[in-house]
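In what follows, subunit A forms one complex with subunit B and a second complex with subunit C.
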Partner chain A sequence: MAMSALRREGRRLTSIVSPNPINLLRASVVSSEEQTSLGVRYISTQIVRNRMKSVKNIQKITKAMKMVAASKLRQVQSKTENSRGLWQPFTALLGDSPSVDVKKNVIITISSDKGLCGGINTTSVKVSRALRKMNDGPDCETKYIILGEKAKLQLIRDSKMDIDLCISELQKNPLNYTQVSALADDILKNVQFDALRIVFNKFSSVVSFLPTVSTVLSPQIIERESEAGGSLGELDSYEIEGGETKSEILQNLAEFQFSCVMFNAVLENACSEQGARMSAMDSSSRNAGEMLDRLTLTYNRTRQASITTELIEIISGASALEG
Partner chain B sequence: MTLNLCVLTPNRSVWNSEVNGIILPTNNSQIGVLPNHACTATAVDIGILRIRLNDQWLTMALMGGFARIGNNAITILVNEAERGSDIDPQEAQKTLEIAEANLIKAEGKRQVIEANLALRRARTRVEASNTIS
Partner chain C sequence: MLKTASRLAGATVFRRFTTGSTAAPAAEEMFKEAWSKVVPHIDPPKTPLSFIQPPPQLPSSIPPKLTLNLYLPHSTDLLNQQVDMVTVPATTGQMGILPGHTATMTELNPGILLLHQGNQTTKYFVSAGFAFVHPNSVADIITLEAVPINRIDPNMIEKGLAEFSQKLSSATTDYEKAKAQIGVDVHSALQSALTG
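So, the complex of A and B:
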């Protein structure tokens, strides 16, 4: 555009006016740099065009990312819904009592490995920190187990001492129960705990993710609480069969409960991650579109202003010659 | 009077409807559950679950887990469950033979234990596919 305008201008100048080098120079300078000294302030069309091209590319990329996230979401969502029925019998049998007083708390924070997924990782980390503050007491200790890179980056800055275990690259292979139960086994072997609190984002719909805490109590605490009565008191009314002692069964039960709850939590978090990424990419595509609109207006204004300036110069030059 | 039976695995729900009674394989025995059973929580071993429905017995192979018997409502959570009618007898037989061969080859305590478990699972599947009575 600028080149053809220059060419046109050059031809007109040579036919109407004797080639005035100052005019030519001024015109070319005006069209290719920002010009503040002349009192005419506008950006060159070249720069605006470059910016438009890069914004359009970014819009294409974010649109593609949104579609990829949508397809991944569909895959994980059906698995998640099937796994929801898994932990309900445990809650019916053992109750979910987050307020049980325990000495050793272990907080398992589940987060994603990749970024660009909105604020879900920050919410998980905030909830974990709040949990820790809540449970801090004279002889209570809290440890972290972190799944996923993003929470690790955030928690390592202020709670480096309290992190027991860091696991990442969970989603390299599609999530299945065997993998999660092996992970749960690992955790159970290495960590002493009275209560495990799993912090994750529950997927309630494509636009809403609720930070949730699931509590799994260790078998000793379960025995203590069930004998004391309260919400776990119902457990006593159940006869426990199989195995020699009640505590052996309770231990197995607690381990099974932990792996089931972990499986559900990891799936729900994966769903929330894809959903959050979808909405983040969607809003950034829309932003890019709006930016593109504004840039197009600026571009057109710039173009028209430069054409007007040329015309004015030509006409004033011509009239100066005549008159 | 009927019992409401629910068999769940981590990947899906295998059974969710009413039955007349079941026979559940636990660690050291098999227990039969009829309506109005006492509330019980028990571990479930690798074995065959027999379901009585309208004067017919159906089989299901279970791979270990837990069972909770409430007020006429049974919830069974297992690692994997397959209906007897869904198991292909030839394929189950072949898996059994492979498992037996692996057991003979196994060395070291851990491999022996794993091979034993695989053998029991394969045997359960073969039995479940055979007893359709």
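So, the complex of A and C:
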């Protein structure tokens, strides 16, 4: 009888009612009580239980995402390592002049479409912005070409006027050279440039991604630099075999170099994205596990405290009756 | 004509050149300095110069073998091969490269690539691309595909040739004509590769 009275009391004080079947022993503590008479604060065990359920689900989801990212990484990694040789002969022949002084710069930022991949997209955008600052001059202009949604969202905020092209959904089909060369063709047709700077994250290991910038010069700039001497100075010594003029062959060379460098850059960035997602999801599952431990402790403490309170009430009630 | 004939025979003409290996660190240093002036709080990004291996030094005499690197988008198997001679399908015809060849760069047509090692000859069919010969007897060939001849199926070639010839005759725009012409060229090259 005391139990039913307490139950009625409890319900009047209740603000939150749980739809779950209630254990008889815990009937009086379903409410979220702030019993100032007792001087203690209790979180309802139901709320804690709901929280635990959702955290456990999140942990399962992030673990699954990590497994998916790991398997995708394996696939792309072999392709990436095989494509690493492709840009080397061009750099061996032409060198790399990242600090070349040109009028028209075009920065190609490669990023991912999906999120939850750590900070790689932010680093790419930071590097692109810094490159633009570096190349700012009296009559220099810098344009952006963005591959991937994440960089577009960030760059559209402050450089909306300077974005020439936005390309997304690059990884809908597995990456191959044909697709990238069609993309490179598109870019070359629509954009005037003196130097193209491709910003991407190079995959050096599963936990380390190095932001890298590859520079591809237009044929006119190559000729200018080779006449000026320096790293391209020996280019003149190479004889041109075939019926074309030097400028024609340099044109074809620059276009071919661009598509090769783009192919490697896109693959490396895809690899880095999967690796970053793997480590982000891994730390997220670990975090969820810790949170679950803390919540379990809270839940047990609350449950025990409420049982103790109930017992105290019953016993004190009974002893009051006895006199 | 004499020049081409002598090239086909693989005549060796040797000229001294400096390698570009000292220019590479200087360029990178320049970039890092310029970067840190503008954006000191962000680390400078890497450039391809930090990932490339330094080219072999200029030898004092003509080396006995040619170092051949064949670069493909999908494999790095055929790197650092020591061969006696390599014949590439340049735009002007088959070009032979021996150790000590002058520095050359040339475009390639689809055709046969021959590697001569001692008595063996390995034949590959390559798609279009570029070939560089560096002054230190290193040859770089970059193409999109290199298939050993024995893996090519003659029936598919005939079918492809018929298909592209038909497309060429029925093409309306310049673009379609160019595409069909390329298809016809590649398939005829394939055919002559198998027969020749």
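Definition applied: the second predicted complex is superposed on the first by the 285 of 323 C-alpha atoms of A that agree within 3 Å, B and C clash if a C-alpha of one lies under 4 Å from a C-alpha of the other, contacts with A are read in each partner's own complex, and residues count from 1 in each chain.
One rule holds for everything that comes next: a residue touches a chain if its C-beta (ideal position, glycine included) is under 8 Å from a C-beta of that chain, and two chains touch if they have at least 3 such contacts.
Nothing here was measured: the structure is a model prediction, and the numbers come from that model.
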item	value
Combined model on subunit A where subunit B meets subunit C, clash or fit	clash
Touched partner set for A:C260, first subunit B, second subunit C, both or neither	both
Which of subunit B and subunit C A:P89 touches, first, second, both or neither	both
Partner chain in contact with A:D282 - subunit B first, subunit C second, else both or neither	neither
Partner chain(s) touched by A:E141 [first = subunit B, second = subunit C, both, neither]	neither
Touching partner for A:D113 - first (subunit B), second (subunit C), both, neither	neither
First (subunit B), second (subunit C), both or neither touched by A:N252	both
Residue contacts with subunit A in the superposition, subunit B compared against subunit C	C
Touched partner set for A:D162, first subunit B, second subunit C, both or neither	neither
Partner chain in contact with A:K133 - subunit B first, subunit C second, else both or neither	second
Partner chain(s) touched by A:I240 [first = subunit B, second = subunit C, both, neither]	both
Overlap of the subunit B and subunit C footprints on subunit A, listed as residue numbers	79, 82-83, 85-86, 89-90, 92-93, 177, 237-243, 249, 252-253, 256, 260, 263
Residue numbers on subunit B that touch subunit A, as the complex places them	6, 8-13, 26-28, 31, 38-45, 65-66, 68, 70, 75, 77, 79
Contact footprint of subunit A on subunit C as seen in their complex	7, 15, 17-18, 20, 23-24, 26-28, 30-31, 34-35, 38-39, 42-43, 45-49, 51-53, 55, 69, 71-76, 79, 90-92, 95, 102-107, 129-130, 132, 134-135, 140, 142, 144
List of subunit A residues in touch with subunit B within their complex	79, 82-83, 85-86, 89-90, 92-93, 176-177, 235, 237-243, 249, 252-253, 256, 260, 263
Partner subunit C, residues of subunit A touching it in the complex	79, 81-93, 95-99, 126-127, 130, 133-134, 177, 199, 202, 210-215, 230-231, 234, 237-244, 249, 252-253, 256, 260, 263
